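Same chain, two partners: chain A is paired with chain B first, then with chain C.
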Partner chain A sequence: MNSILPKGVSKERFAAATGAMRKVVGDPWVILDENPLIAGYMDTYSAAPESSTAASAAVCPGSVEEVQEIVRIARQYRIPIWSISTGKNFAYGGPAPRTAGQVVLDLRRMNRVIEVNTDLGYAIVEPGVAYVDFYNYMKRHKLPYWIDCAANGMGGVMGNTLDHGVGYTAYGDHLLMQCGMEVVLSDGSLMRTGMGALPNGAASWPVYKYGYGPYIDGLFTQSNFGVVTKIGLWLMPEPPAFRPFMVQLQNEDDLYEVTEKLRPLKINMIIPNAAITVHLLWEASVYTTKHEWKTGSGPLPQRTLRQIAEKFNLGMWNFYAALYGLPEVVEANWQIVESTFRSIKGAKIYREADRKDDPSFNYRVRLMRGEPNLTEFSLMNWVGGGGHINFSPISPASGADAMKQFHMIRKACEKYGFDYIGEFVIGWREQHHILMLMFNRYDADESRRAHDCFAQLINDAAAEGYGEYRTNLHFMDQIAGTYNANDGALLRMQRRIKHALDPAGILSPGKNGIWPLGESPETNS
Partner chain B sequence: MVHRRELLKTGAGLLLAAPIRIPLRLLTGVTGATTEAPDVIAETGIAAASELINAAQANARHARAIDLDSTIMIRRLSEAWAANPRPLFGMTRSDIAILVEALARDRGMAVVYRGWHDHRANGDIHHVLYGNPDVIAAMQREFTSARGAFGRVLGRHVAELASVGPRPASINFTVETSGRPPRQARFVTWAVAPMGTAAA
Partner chain C sequence: MMRRVAIVMLSILPLAVGVSAAQAGDAARGQQVFDTRCVFCHGEGLGHPAWQLLALKKGKDKAEIVGRSDLTPAYIKQVVRNGYIEMPPFRASEISNADLDALADYITHPGAASDAKP
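Coming up: the complex of A and B.
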């Protein structure tokens, strides 16, 4: 008998629902909580107890038809189901559902690259396509396109895109490059967005995003209005020339100038990729761990940061970007880029050949050419113990905002006894500031401090007009609560849409603070 | 300090793809459940790695020290387990543990054991163990009598630790030792085991 049940669902109803689901997907693909495999759906790395998000079961359909059937059963029996694609949402909750008892709808078995169109440069993929599989597919078929992947090479194309994830080539804004979606709605019906709504519109589906009428793809991202079963995405043609580079900055205050200098280069598309300005310790974790510099808790002092920078030939900030295109164009743009960054006092500029044996430079280069890898996970070794949650506020790409956020976040980290380990990912006009809050999850006090630090940061950021682009399961409501202009008009509208599209409230309840009507974090705790 | 190299220094990664050289042995675990001899890996640079590897030789299919890049390691495991998921016991830093656990789910394997071994400044070692309740209770007894040499204890029991048992439980306890804490990266121990179903 299952020891965990969805909130308000009786043992009998749960057994009847999971029994019906078994008939659809087959016995092995309904994993109940007595099966040791259920532990694979835990969020083991957050600052809150695993039990608070422990799934009651996981169901793994193998086709769109099976997804439709499972959704119908969930609706019939009022069982909450939490959709994941590859389920590697590290730092944001992994494969776990928002609350204990929800059933994970694990779509990893649906892992086909359905089409790659080499004339038009797009692909259509199913949910379970991991970056590494997609990359291998492109290589195997010798296709003249690059993929764009997250630094978590284990993640997947769809889950990352739906959670508004980023990569590092010129196609790094994944949702921007998404075109066409297929969605199972809460009544089990199947819908295609955009041109895909034409009975014979398949050819234009992955090339024109907007179709006719309201543009709705975005509604199915960071939300719980449907289960996405296919997406189209645009692919970057393999460029004839690729020039990655690093600008090493000697002082923490140089963050201001590098951001100011970068902005016009981004807006004018001289630097086309998602460029990053990375703090020392993020890079240093590829080479060393905190324990080698300090025993006991508390952040490392500035003096030690300087020693680390010197030992590993790193800057206090390290900026990475790349140029892509025809060799002549790359060369011309390089002249602009080089002279721009050279004007920062003390800046050192490195090209690929200058840092051949540097593992942190190497993995950045690989990411900037869409090659999945896992090197960034060395961050998990900084304190050891594996706890990590990402705090990710957005701001305009300005030096003043970057400095303000850096000081604000570092101050909070130090107050709670943590190192600042952060980076800025700079898009066209905005920047995602990512704090990787690392803690030892085996230490209850440290986990509690990490949780409190994160909660404070949300409020500090909101007070300054900054909001987060995405978050961990445990902070979804708090962050949704900060987007509260006009008396919470946005969230109220999202809840109305939720009720209209999913009146039974079965799809991913609580995702990003969107609860079904009559439900709230409190009724689900 | 451990540098993970692009190239395998010890050839340990081959362990994952290598043909079986030692005949597969069937062992009987503490709980009486029949278990398959696991592969065992330990990262070079961890002080307890060699005693683990030495003690595990008799109980493992292969037991090797490794120094390799996480991307390469996960790719090899992924390929090996796609065809033949096998129990694996590890003593590594946290990144490898997290990645192996994530891969395990994709390959229909369960996380059956986790251990955290924190060397305190006074020489004590604080252990947090998760796994088969009988096995981890036995570990607690043996760790306490072995004092600092818990790697050897783990090595002797890798087969039980890396097998599927009853619903896992957690315990934590501190063992007094007179040793000085090693100045090294913190590390974890873990085990994953195939369930025979639910692989993608």
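Coming up: the complex of A and C.
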């Protein structure tokens, strides 16, 4: 018998529900916690114990109809089901549900590219389409479009987009490039958004985002209002010219100037892609580990950082971006870009030919042309032990904000004994600051410190008016609590929508702090 | 009239359909799984995090797992299903049991993949 059950669900009810689910998806695709395969649903990276988010079971439907049936059964038996698509949400909780006992609804088997339209440049995909498979698919069929992937190439189009993820081509803001959605609601009914609501509107569904009436696709992202079963996304035409480059900055204070210089280039779309300013240690992890520089824990001193920069020909900050388009246009824009960054004192500019055999430069280039890889997982070797959680506050793309956040976050990291390993991903007018908080997960004290550091960072950031764009399972409530203007009006409204759309409260309870009415983190722990 | 639907309804891994574990060509299948699910970490050289770490922990001769004589299929399968420190686990919904068998065969006997190639 299952040793873990959903909160408040009896063994009998659970057995009846999973039994009914078996009839829908077939025996192998209901995985109970006595089955060793349940290990694949653990969060193997966070700072909190795995048991705190251990699923009671996983169910893997193979079609939209099966999803509908599973949702109906979950509603009938009041079983909480946590939706994942590719389920590789590493740094944020992986495939695991928000609380122990929830059943994972694993949509990975639904892995078809439904359509690629080569005239209009869009695709419609199912949840289980992983970046690497989508990329291979485009290559195999010689389609003249690029995909845009996260640095976690194991992830996938839908899950990443639904969690507001980012990539590094000119189409790096994934939700901006999403158009058209199909959703199973909590009563098992099927809905298409936008033009897809017209009985014969399929042609315009993936090309016009807003349809008629309120625009609602965003409601199904970072939320628990439905189970998304298809999304449309726009594809970037393969550009005739592509010019990636790196600007190496010698001093930590250069972060201010590079951010200020970049902003007009971004707003005017001279640099069209998600540009990034990456701190030394992030890049250094591709070549070396902390162990080679320091025994024992605690952050590396500045002196060592300088030595590392020297040894691997890296800057204290390393800025990457790319130009895309017609060769003449790229050349003209290059003149502007080069002279802009050249004016930063000590800056060194590198192009592809300058760093041919450089694995950190190479993976950045690959990401900027939408080629999946996993080089960034080298970060996990920095201290070893696998632990990592991402703290990711948003700010305006300004030098002052970048410096303020950098100092604030580094101070907290040092207080808790960690290196600052961070990067800024600069979108159109904002920047995502990503701290990769790396720790040895097999060291209980270090894990606890990582957890505490993260919790403090949320409060420090909120006090300065910064909020996170996304988060790890264990901090969803704390962060939701910081978006609390007007007596928490936003979260209260989200909970009212939750109640209206999912009165039984079965869909991903607790996602991003949205609990069903009458439930809270406390009633679920 | 536009050429609307370029490709419709193709399964992402065409070989996953209709190839049973016992058939010949399994090693080639195993290689295909390796090349999509493992190689980004386990390929050779820096830039491949598993290679980097195994080189440090076990030496460069053990850094590449393909062809290593000390790994058994049972161990490989156990690592893939449960993960291993920095390595995440893989679920049956992404690597089927049959594919996992083929994958373990390939890692332990990579030569068979080239033999089996048409």
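Assorted remarks:
Everything below uses one rule, namely that the second predicted complex is superposed on the first by the 525 of 525 C-alpha atoms of A that agree within 3 Å, B and C clash if a C-alpha of one lies under 4 Å from a C-alpha of the other, contacts with A are read in each partner's own complex, and residues count from 1 in each chain.
Rule of thumb we're sticking to: contacts are C-beta pairs under 8 Å (C-beta built on N, C-alpha and C of every residue); 3 or more make two chains touch, one makes a residue touch a chain.
Just so it is clear, the structure is predicted and the values come from calculations on it, not from any experiment.
Because the two structures share chain A, they can be overlaid on it, and in that overlay chain B clashes with chain C. Of the two partner chains, chain C is the only one touched by A:113; chain B is not. Using the contact criterion defined above for the overlaid structures, shared-chain residue A:296 touches chain B, although it does not reach chain C. Of the two partner chains placed by the overlay, only chain B lies in contact with A:383; chain C stays clear of it. Of the two partner chains placed by the overlay, chain B and chain C both lie in contact with A:90. In the superposed model, A:153 makes contact with both chain B and chain C. Of the two partner chains placed by the overlay, neither chain B nor chain C lies in contact with A:165. After overlaying the two complexes on the shared chain, residue contacts for A:375 are found with chain B and with chain C alike. In the overlay built on the shared chain, the residue A:6 is in contact with neither chain B nor chain C.
Set against each other, chain B and chain C touch different numbers of residues in chain A, with C touching more. In the superposed pair of complexes, A:101 makes contact with neither chain B nor chain C. With the contact threshold set out at the top, residues 28-29, 31, 36-37, 39-41, 44-45, 60, 87-88, 90, 94-95, 108-109, 111, 128, 132, 153-154, 287, 289, 359, 362, 372-375, 377-378, 380-381, 384-386, 442 of chain A are in contact with chain B in one structure and with chain C in the other. The touching residues of chain A, when paired with chain C in their complex, are 28-29, 31, 36-37, 39-42, 44-45, 58, 60, 86-88, 90, 94-95, 106, 108-109, 111-120, 128-130, 132-134, 136-137, 141, 143, 153-154, 203, 286-287, 289, 359-360, 362-363, 372-375, 377-378, 380-381, 384-386, 442.
In the complex of the two chains, the chain B residues touching chain A come out as 1, 3-4, 6, 69-71, 74-75, 78, 93-95, 97-99, 101-106, 108-112, 116, 118, 121, 128, 164, 167-168, 172, 181, 183-188, 195, 197-198, 200.
Considering their complex, residues 28-29, 31, 34-37, 39-41, 44-45, 60, 87-88, 90, 94-95, 108-109, 111, 128, 132, 153-154, 287-289, 291-292, 295-296, 359, 362, 372-375, 377-381, 383-386, 440, 442 of chain A touch chain B.
Chain C meets chain A in the complex at residues 2-13, 36-37, 40-41, 45-49, 52-53, 56, 81-83, 85-86, 88-94.
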